Amino acid sequence: MEENKSYEGRTDLALEASESLKTTGQQENGILIEEEYQKKTDIRITCVRITNEEAEQAVGKPKGTYITLESPALLYEDEGYHREISTELARQIKKLLSKEQRQSLLVVGLGNKEVTPDALGPLAVGNLCITRHLEPKGQTISAIVPGVMAQTGMETAEIVKGIVNETRPTAVIAIDALAARSTRRLNATIQIADTGIHPGSGVGNHRHGLTEESLGVPVLAIGVPTVVDAATIVGDAMGQLLDTMEETEKRKLIHGMLDERLKNLFVTPKDIDETVKRISYTISEAINMAFSGTRY
Amino acid sequence: MEENKSYEGRTDLALEASESLKTTGQQENGILIEEEYQKKTDIRITCVRITNEEAEQAVGKPKGTYITLESPALLYEDEGYHREISTELARQIKKLLSKEQRQSLLVVGLGNKEVTPDALGPLAVGNLCITRHLEPKGQTISAIVPGVMAQTGMETAEIVKGIVNETRPTAVIAIDALAARSTRRLNATIQIADTGIHPGSGVGNHRHGLTEESLGVPVLAIGVPTVVDAATIVGDAMGQLLDTMEETEKRKLIHGMLDERLKNLFVTPKDIDETVKRISYTISEAINMAFSGTRY
Amino acid sequence: MEENKSYEGRTDLALEASESLKTTGQQENGILIEEEYQKKTDIRITCVRITNEEAEQAVGKPKGTYITLESPALLYEDEGYHREISTELARQIKKLLSKEQRQSLLVVGLGNKEVTPDALGPLAVGNLCITRHLEPKGQTISAIVPGVMAQTGMETAEIVKGIVNETRPTAVIAIDALAARSTRRLNATIQIADTGIHPGSGVGNHRHGLTEESLGVPVLAIGVPTVVDAATIVGDAMGQLLDTMEETEKRKLIHGMLDERLKNLFVTPKDIDETVKRISYTISEAINMAFSGTRY
Amino acid sequence: MEENKSYEGRTDLALEASESLKTTGQQENGILIEEEYQKKTDIRITCVRITNEEAEQAVGKPKGTYITLESPALLYEDEGYHREISTELARQIKKLLSKEQRQSLLVVGLGNKEVTPDALGPLAVGNLCITRHLEPKGQTISAIVPGVMAQTGMETAEIVKGIVNETRPTAVIAIDALAARSTRRLNATIQIADTGIHPGSGVGNHRHGLTEESLGVPVLAIGVPTVVDAATIVGDAMGQLLDTMEETEKRKLIHGMLDERLKNLFVTPKDIDETVKRISYTISEAINMAFSGTRY
């Protein structure tokens, strides 16, 4: 099983992680999957619930709810910055956070704004409507772009924990660029999870987590896959060959993919600059909507 | 006195604040000024010590030591990024922080990196040699660019206090763009103070301070004047006229300078982009020197 | 007259330049001014036409049509990025350029993107919908951000002339940050002129012009005042004093304002980053509208 | 042969292109390769000369001289920004351009500064010492960052040709990010070619060339491989498997690699931001050296 996983490649999407279980017939009892297709907006909403430890192990993701919005439209420019997707994302945020939890929000823009596909979080924070310092009566938003460990020398978890202790928000939303397994999902999927951020996830591979357990407040994680690990691309391309191969060849293959040099490489589309800018806007608009008084 | 001050204009430089006392003959006992001129490097070092409350009131700066390095060379490009100034600045940092206090440093890059003259702090942090996460045996540096309140919704003091509580550095150095009174000092002076950052100082006008009292560790403030308040420019230009004027005219004048519209304006040189980039490098090199084992 | 002008301060707005003539009663025959107030959108449209050489001399601007859109709303954030102003600006562009002239447009984003108030042109170009390389049937847009002379070593006019000769657009729109005389107009006015860009105008003070004469195609200039010259601020604040002063004092005053050190300084608002970003979007949307087939 | 090439993957390095001929024993007469190893600086200098049409066809690169500097040190940080490599690069530039050709240089920073691995050219231009507008007596440098076609709507070749016609430099140096075949060479190799830039080369895949033929002045191309095509990574990993496979399997494999989705993907290291910044500095220092009067 472990070996099998390794050449299927890493994914931060619970949807992809549970898909592979389906195909191998190993889906456990603790995994609930619901799908909904909105014809009018062409958005596919999938909700994966991981409810027990067996399921945690099988999927390789912690217990919790993972919602993915998939829309081919996300890949293309749109004058309204995909308002229909922002609206749906805002609706999902409001389902996962109660009105009390939405009282004062801290948004954390994870990632390295100097590396284009990892700049999703910092860019999204740049478009938020920040209100905490204005002390309005309604819900307030504060935000931080902590930077990555090579820039700060600190674990992101240390920085965020310190700020949460000091400013006492009622909830945290962490926005992060993710790694997908399939190139088809790059920049075409938004995942919202009520589990927070866990070690090893995200493009920057966090060492410590940002979770309700560590921060003391609910943590939503919003992410978009903007890269595929280099090793995964190799595995993908060879998938169809595997069946016809002998065991010795397979081993060679796996060895090749786990090549040390591939480990620090990632694969990303050539137009990633425009795409990341656009999707970051879609996400920040959703948060602005979910935390303002106005109806939509 | 208060009125007098208001049209002399705001300054973040203790040097300028104590200078005006000299000219008006109001220098108090609690102000000690020492000057040193290094002929070889053409750097003028002035140390202003404010030692009691009367002096605090007269100068308008809290008790402590303020060292300024003035060098006309800072205004011009230099292939070695002014290594002689970095070296002197490193020497001053080592005088103000003991070896124990230099064990683990947190550098805070204050200011708004999107506004050119306010980007000094963020730019300086970008050039630091960050080492805390590498866990070397010697002294370590960590750093944060917290952003400004309009971007975060939080007081910078809240953010830094949270991070200090969590990561326990032995000292903090805060780098900030300052406002000067005289256009002659713009980008030609570096101030190092052992008092930290106080409310109302810096280009962004901090509401809360970053001080040893609030953070629990020594706080050095390193600043460079990159702007002059618009009201100060007006006052400067009119200085020579004041003597010949009648009281009514003076009042009108002062009223004009305190014009609401001038309050949110600042004055800065046209080549501020190159200058800020260059000086930020000089400062970060000094910190790198002061916190590495190597001699210089 | 010359002296008088010098302490009134430089302005790139024909509206301001002709206003001062009104107050001094020196308005010439060759100046036609029409005003229109749109109640619904709260936009004031002023059209200044300079029709002969006497008027050119008096106003200090070349013959041509200068339209200004003034809206207090421009100063404030707006979810739709001021669509009503974009729409009006698009309408004015279509009035100044015939359908044939709109066939293939080259937009030139003038200014230094590293200096916040001078980044208007480069930012606006970043939001344009570029179509020339896609070879659609309709009107096409191409764009260039040439940089400033300190970055390129070349006159902007040389760069643009070379590109125009090679790519043969049917019209050029040059977007530039301007200097105003009054702080009240900062970031609250958009000027569209059919005269192109002339030497000495803009924040960066172009040495050579971009005009129909030099480029061989019609050149519209779109500009927003984002700075006031430091000398102008001084003059503004002292305006009311001038009447009561004697000639000798006036001379001293003027001398003070022409101070060498003030020449390379500019005055700009503290929130210039947000403002410039927003207005650049309003302008690029207007160009996108004027050069797409869609109605609005 | 063609098929063979396609799964070996694209490379912009003449060194790599001629290497594969060596292994396949197909090296032609028209290919001259000289190697030099500088022990003191640990730089390996390889000069590939392609002298006739057969060699052009075999290597897939136009006739001319391609010099590569390889140094493992390039991958690591260095306080002096690799001055020894800058010095060697400056020496090579002076060998390829005569004193007359070095009279007035135009540097073209190719690539998209918004996409980290493609920002090499724009970053290098940012560090140049621009002198043409200062009209010094010696050699002068001017520079342009033209942007990519998606941003400008124009071929880069059109923009550069127009500027060359207008400003008449005596030589052009084009700096560009390249694609390598081997991940081992990423960011560890600098190539200087006297052939200019040809269609299909560079990360952005230029449609038209920048050559002496098209511009009328000598064109040096300086490039660093910062990405590997996604298809190449797949080919690399599978190299060892190929020998043991049957023809049908090979075909399947090749088909997989030519997958439409892989075409618009590139592979790059996770620390590409720091690396590209550092190497761009090494290159701009070399040009500054080669075009200043000073000895080194």
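We call the chains A, B, C and D, going by the order they appear; numbering starts again at 1 in every chain.
Simple rule for what comes next: contacts are C-beta pairs under 8 Å (C-beta built on N, C-alpha and C of every residue); 3 or more make two chains touch, one makes a residue touch a chain.
It should be emphasised that the depicted structure is a prediction, and the values quoted were computed from it without experimental measurement.
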Contact-graph distance - origin chain A, target chain C: 2
Far-end chain from chain D, centres as C-alpha averages: B
Averaged-CA centre spacing for the pair chain D and chain B, given as whole angstrom: 44
Between chain B and chain C, centroid-to-centroid distance (C-alpha), Å: 36
Distance from chain D to chain C - Cα centre to Cα centre, in angstrom: 41
Interface hub residues of chain C, defined as touching at least two other chains: 150
Those chain pairs that satisfy the touch definition: A-B, A-D, B-C, C-D
Of all residues in chain B, those that touch chain A in their complex: 125-126, 130-134, 140-147, 149-155, 158-159, 161-167
In the complex with chain A, residue positions of chain D that touch it: 112, 114-116, 150, 183-184, 203-204, 228, 230, 233-234, 237-238, 240-241, 244, 249, 252-253, 256-257, 259, 261-262, 264-274
